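Note that subunit A is present in both complexes that follow, paired respectively with subunit B and with subunit C.
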Partner chain A sequence: MHTQKRITPFLFLAPAVIVLAVVGIYPLLFAAWVSLHTYLLAQPNIPHDFIWFSNYLTVIQDGAFWGSIGRTLFYLAVALPVQIVLGLGIALMLRRGRWAALRGFARVALVIPLAMTPVVTGLIGRLMFNQEFGIANYIQTTITGNKVGIEWLGNPTMAFAAILLLEIWQWTPFAALIFLSGLTAVPVEVEEAATLETRSFWVMLRQIQMPFLMPALTAILILRTADILKQFDMVYTLTGGGPGSSTELINLYITRIGLRGAFDQGVASAQAILMLVLTIMLSRLYIKYLYKGDDA
Partner chain B sequence: MTTQSTSTLPRPAVISKARPRKNNTLTTALHGLGLLVVVFGTLFPFLWMVLTSFKTTSQITSNPPLLFFSGTLDHYRSILGDQYNVGGSLVVSLIVATSATALAVLLGTPAAYALARFSFKGKDDLWFWFISNRFLSPVVLVLPIYLVASQLRLIGNPVLLIAMYLTFSVPIVIWICTDQFRSIPRELDEAAMVDGATPSYIFFKVALPLALPGVVVSSILSFIFSWNELLFALFLTRGDGVTAPVRATGFLSGYDVPWGEIMATGTLIVLPVIVFSLLVSRHLVQGLTMGAIK
Partner chain C sequence: MKRITALSAALLAVTLGAQAHAQSWSLATAAAPYKGTTIKAIFLDRPGYKAAAQLIPQFEKETGIKVSYETVPYESTNQRYVLDFTSGGGADLVLNDVVWIGQFVDAGWMVPLEKFYNDPKLADPALNVKGFFPVLLDSFGTWNKKIYSYPFDNYSGLMYYNKCTLKAAGFAGPPKTWTELLTKYGPKLTGNGKYAFALQSRRGETQSADSFMRTLWLSGGGLIDPKTFEPTLTSAASQKGLKFRQDLMKFMPPGVVDMDHAEAVAAFNNGTVPLLTEWSSFYTTIADPKQSKVPANCLGVTTEPLGADGLKPALGGFGLGVNSNSDAKHQAAAYLFAQWITSEKMAKPYVQAGGVSGRQAVYKDPAIRAKYIFVEPMVKSWSAGTAVPNFRPRFAEWPQISQIVAENGTKIMLGQLTPQAGAKVIDGRVKEILTRAGYYSGKKAKLQ
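This part shows the complex of A and B:
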């Protein structure tokens, strides 16, 4: 009975652990091996020699690699604060007041961007940001009264603005809904007692609601950071990383080196391993902080 | 609208009675307007896609854009025909997403049960390993998998894609279901154990039925994630075996951009996941945070 009890959890866990090891860990080990070798997909005749860390040296000296990292971090630094501020505003609007039906409807509507296939978001962006007949230029023409013909996707700055706009459109609802679930944890009596004390919106937010919003904020910071570092699908269909490399985020760059253009698997694997190290460090830090109270 | 003084000084009763009333009308109006902006802004891109999918090509490229027009189903006929075969890729997507989800439940629920019910050495590390998959970029996996699969001649085989989708679907199931199993009273298990039931009997007949809500929510989330995925599918499928998102990106390679066909394809890809998400909208956010907030 006693031995059986000790073996049981392992029998329950084994299938999941084995499968995840095969599809999740084995590829990583292989990538580490490839990153130490010459591995050119387009020239299969060149032998896969062991070349120590020279792929890593190539990556570290590669300005385009650091450029795409900088671009990704800039994208993160703009999109995340905007999503947080807008998301908090929307959550507060959904929380209380009149317009119960409209609030309910808005809450349902917010689910749609979350479910939207990012590939399709990018394709809709292509349509809306079209220079000749896109609705983005039309709206600006109507508002300003002058003919606006912005070449959204052909101009480096505007293309970057376009991917940011879609990122913010798709994921602000995520922040809003998480903040809203944080706000619903505020006890009604506490809020009502507070309204007797103050009518200031800011005092209410800082003193009463903030403690309940902090876990939501942490979750948004962590999950959006992870997902923005992974961003690929929407940008791939909207701009493909262009024009030039103006919207080429890190994942688009790595896949271009490894699988879409240069076919240099050795260097691409070295880039991927460096990204992996960065992600592991970040997630270790994040999860330690986030789950510090968890008994698991 | 808001005054700094309110936070520091108590206001005379007369003013505080008069002010908010005036404030309220304006605030209420702005509140309503803000909500309308949110609803409109959120829905517009989606509705614009659906609308565009029913326009003829000349209606799509008209400037100013048309809001009212006589609709056509031509683009849907075209994409479901042999030339584009979007129907076929939707079937591939359905098979891949369903299989990945079913396998994830099969593998994930026993693991979640073990994590929730038993204590053993290394549980924390195992927990961390499952969680860390949430942070792992598919790019790191797709490079080596592409090489291995090319050597094994597996590129284009849906089984490969299903296997790779387990890297995120199994963790989803484990996370959500571990929480679910923890919420079931331990006494139920213990009562069954006293009656001489084996652990597998307890799992299947006692715990799993009670954890069904968690299983359903995690299944739907894992289905949506698999259905929406592009990166793995882009490099690991080809020909008639491509999933719907890959097929959608294929429209961009030609000389002329078939806008109507693209928007019709987008509509068909997005509709099932939107229906699913609205069904579980209450649990969706919790699921997406992977239990980060309880």
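This part shows the complex of A and C:
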């Protein structure tokens, strides 16, 4: 009886642990194993020799790898704060007030960009940012009166701006919806009591609402950071990493090494493991400095 | 005397036997053992595949073999094949780009077709491999003197031009040389949001093949020395080509570095540029009044302009071969389809459906020559002495090199690297790759 009691929790946990092991832990361990071996998919005749940390050394010495890491961190540093600020603004506007029907419509509309697959977003972007007939240039030329449209996808700076714009457009609603749910945790009586003390919007936001929004903010930071570091589909379809390597984010670069050209899975796995370490470090930082767990 | 009689008798027997085989062979009989088999193929979203798709029901009806195809974007096709082949699977019909044959054969993923064309049960007596344009069979189909695929979707670089726009600017015809394009046509045709020319240059195989390699050939340069395999981008001729492309950019639309085939064709069709070098296979798109604003009487097609070594047109396209991972039944069925769709008999229906056949005979037909104005320049481009089978190196390392060329080629165009600095970067990486492959140590034969 006693043994059965001890086994039961394990049996309940077993399916989840097995699934996690198969879809999460095994691929991770396999990637770690591959990163220590010569593993060229397109050259099956070359044996998978154990080469210690040679692939990691290749990655560390590769300027293009660090270039794409820098580009990705810059992309993250611009996109994420903008998404948070705009998302918070939208959430505050949609929280309460007049025009209930319009707010209801806006909440539904927020889901539309999220429901769109990133590949489709990229393809639509190619049309929107087309220099000759894209809507982006139509708006720009109508407003400015310029005859010549902006060279969105053929210019390195503008191409980077284009991927940022699409990223912000697609994922700001996610931040808005998470903040909106976070705002429901703010007790109405606390807010009402606070309004007796101050009418300042900023004081209300900082002193009353933000403490309740910290878990939501941490969740957004962790989820969006992980997602942005993994960004691939939209950028691949919109710019393919070009022109030059101006929009080649780290995931596009890893894919290029591992699944194109040389199909060097060894080096690509080493890159992926290093990226995993970076993601975990960033997540730990967010949790340490922003999320105080139950203290919030 | 007795010997001569015996030899004559043997020859007669062989001839009669061959004639009897030719008379007795039929596709339906050859396919009978494979009736009900489904073969898989990967197609591209291009006119040649739409043409094949129209003809497939005829093959299925005649043979009872079903052809199931999946359309994949070109830039993902090599990746798809490598992953499928590595996992021991993949489509039974292998669609090999001219620059993938070395990679696929080196890895043992394609079956030499001699296995099938030497089998009297499968080989169509009317196969006539010599009926293909030699340059196409050599480049798409042959590796190390063995045939692995038959030319199926065939391209030559051509120059499309808008006669009416040229006439209005005072030109009697298109530029005869690249220099003329730069010095005479460029300045006169550029202005007021219009440009003289578009060279599709998007990062990817478009940049490596259509833009970068074309630029090298026109100046008499090259990526590597054909004998020693030493990189040659810093040579005077190659540098001249790369600088020429930079100069030409003044007369091309500003976003040309992000233009793929679709965008370049659209620029021509919309009237933004009156001159365009593009593959022969895009003729149907360019000549389609639903897709082009260029009136039929204004459309002209000719060979690419002459460069330092005369006419050196771009060469591209795909062969159809057989997957070595497939079982014997699927291999035989796939071979029958490849043989049938690329046959002389099917060449005319294929062309009429919008494809570009690799068979010489079909282009001798006056009706075909009259209807498709791209035929004459294309045939000229594929003729002996003009065509360049190794327009891009076909060895296994090309896909890897192509990535490097695409990245740095676009950087050169954008001015992020000078032609000299870009050439040094590419040369260094190419040397590294070819050294690792064993070309300089003699471990690997210098085939391209």
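Before moving on, here are some points about what is shown:
Please note the rule applied: the second predicted complex is superposed on the first by the 275 of 296 C-alpha atoms of A that agree within 3 Å, B and C clash if a C-alpha of one lies under 4 Å from a C-alpha of the other, contacts with A are read in each partner's own complex, and residues count from 1 in each chain.
The criterion applied here is as follows: contacts are C-beta pairs under 8 Å (C-beta built on N, C-alpha and C of every residue); 3 or more make two chains touch, one makes a residue touch a chain.
Just so you know, these numbers come straight off a predicted model, no measurement behind them.
By the document's definition of touching, of the two partners only subunit B reaches A:Ser283; subunit C does not. Here subunit B and subunit C are compared by how many residues of subunit A each touches, and B touches more. Legend: residue contacts after superposition of the two complexes on their common chain; A:Ile51 is shown touching neither subunit B nor subunit C. In the overlay built on the shared chain, the residue A:Leu177 is in contact with subunit B alone; subunit C does not reach it.
Touch criterion met: A:Leu13 reaches subunit B, while subunit C stays clear of it. By the document's definition of touching, of the two partners only subunit B reaches A:Arg103; subunit C does not. By the touch criterion stated above, A:Ala194 is placed in contact with neither subunit B nor subunit C.
Shared-chain residue A:Asp233: touches subunit B; no touch with subunit C. Of the two partner chains placed around the shared chain by superposition, subunit B and subunit C are both touched by A:Leu259. Of the two partner chains, subunit C is the only one touched by A:Gly244; subunit B is not. Shared interface residues of subunit A (contacting subunit B in one complex, subunit C in the other): 132, 240, 259.
Subunit A contributes residues 4, 6, 8-13, 15-17, 19-20, 22-24, 27-28, 30-31, 34, 39, 89-90, 93-94, 97-99, 102-103, 105-121, 123-128, 132-133, 135, 138, 169, 173-174, 177-178, 181-182, 198-203, 215-216, 218-219, 222-223, 226, 229-230, 232-233, 236-237, 240, 251, 254-255, 258-259, 265, 268-269, 272-273, 275-276, 279-280, 282-283, 286-287, 290-291, 296 to its touches with subunit B in the complex. Those residues of subunit A whose C-beta lies close enough to touch subunit C in the complex are 41-45, 130-132, 147-148, 151-156, 159, 239-245, 248, 256, 259-263. Residues of subunit C that touch subunit A in their complex: 75, 78-79, 82-83, 86, 103, 106-108, 193, 202-204, 253-259, 263, 266-267, 270, 272, 396, 399-404, 406-407, 410-411, 413-414, 416, 433. If you check the complex, the residues on subunit B that touch subunit A are 1-3, 6-7, 16, 19-20, 27-28, 31-32, 34-36, 38-39, 41-43, 45-46, 48-49, 52, 60-65, 106-108, 110-111, 113-115, 117-118, 120, 123-124, 126-148, 163-164, 166-167, 170-171, 174, 178, 199, 203, 224, 227-231, 234-235, 245, 248-249, 251-252, 257, 259, 262-263, 266, 269-270, 273-274, 276-278, 281, 284-286, 288-290, 292-293.
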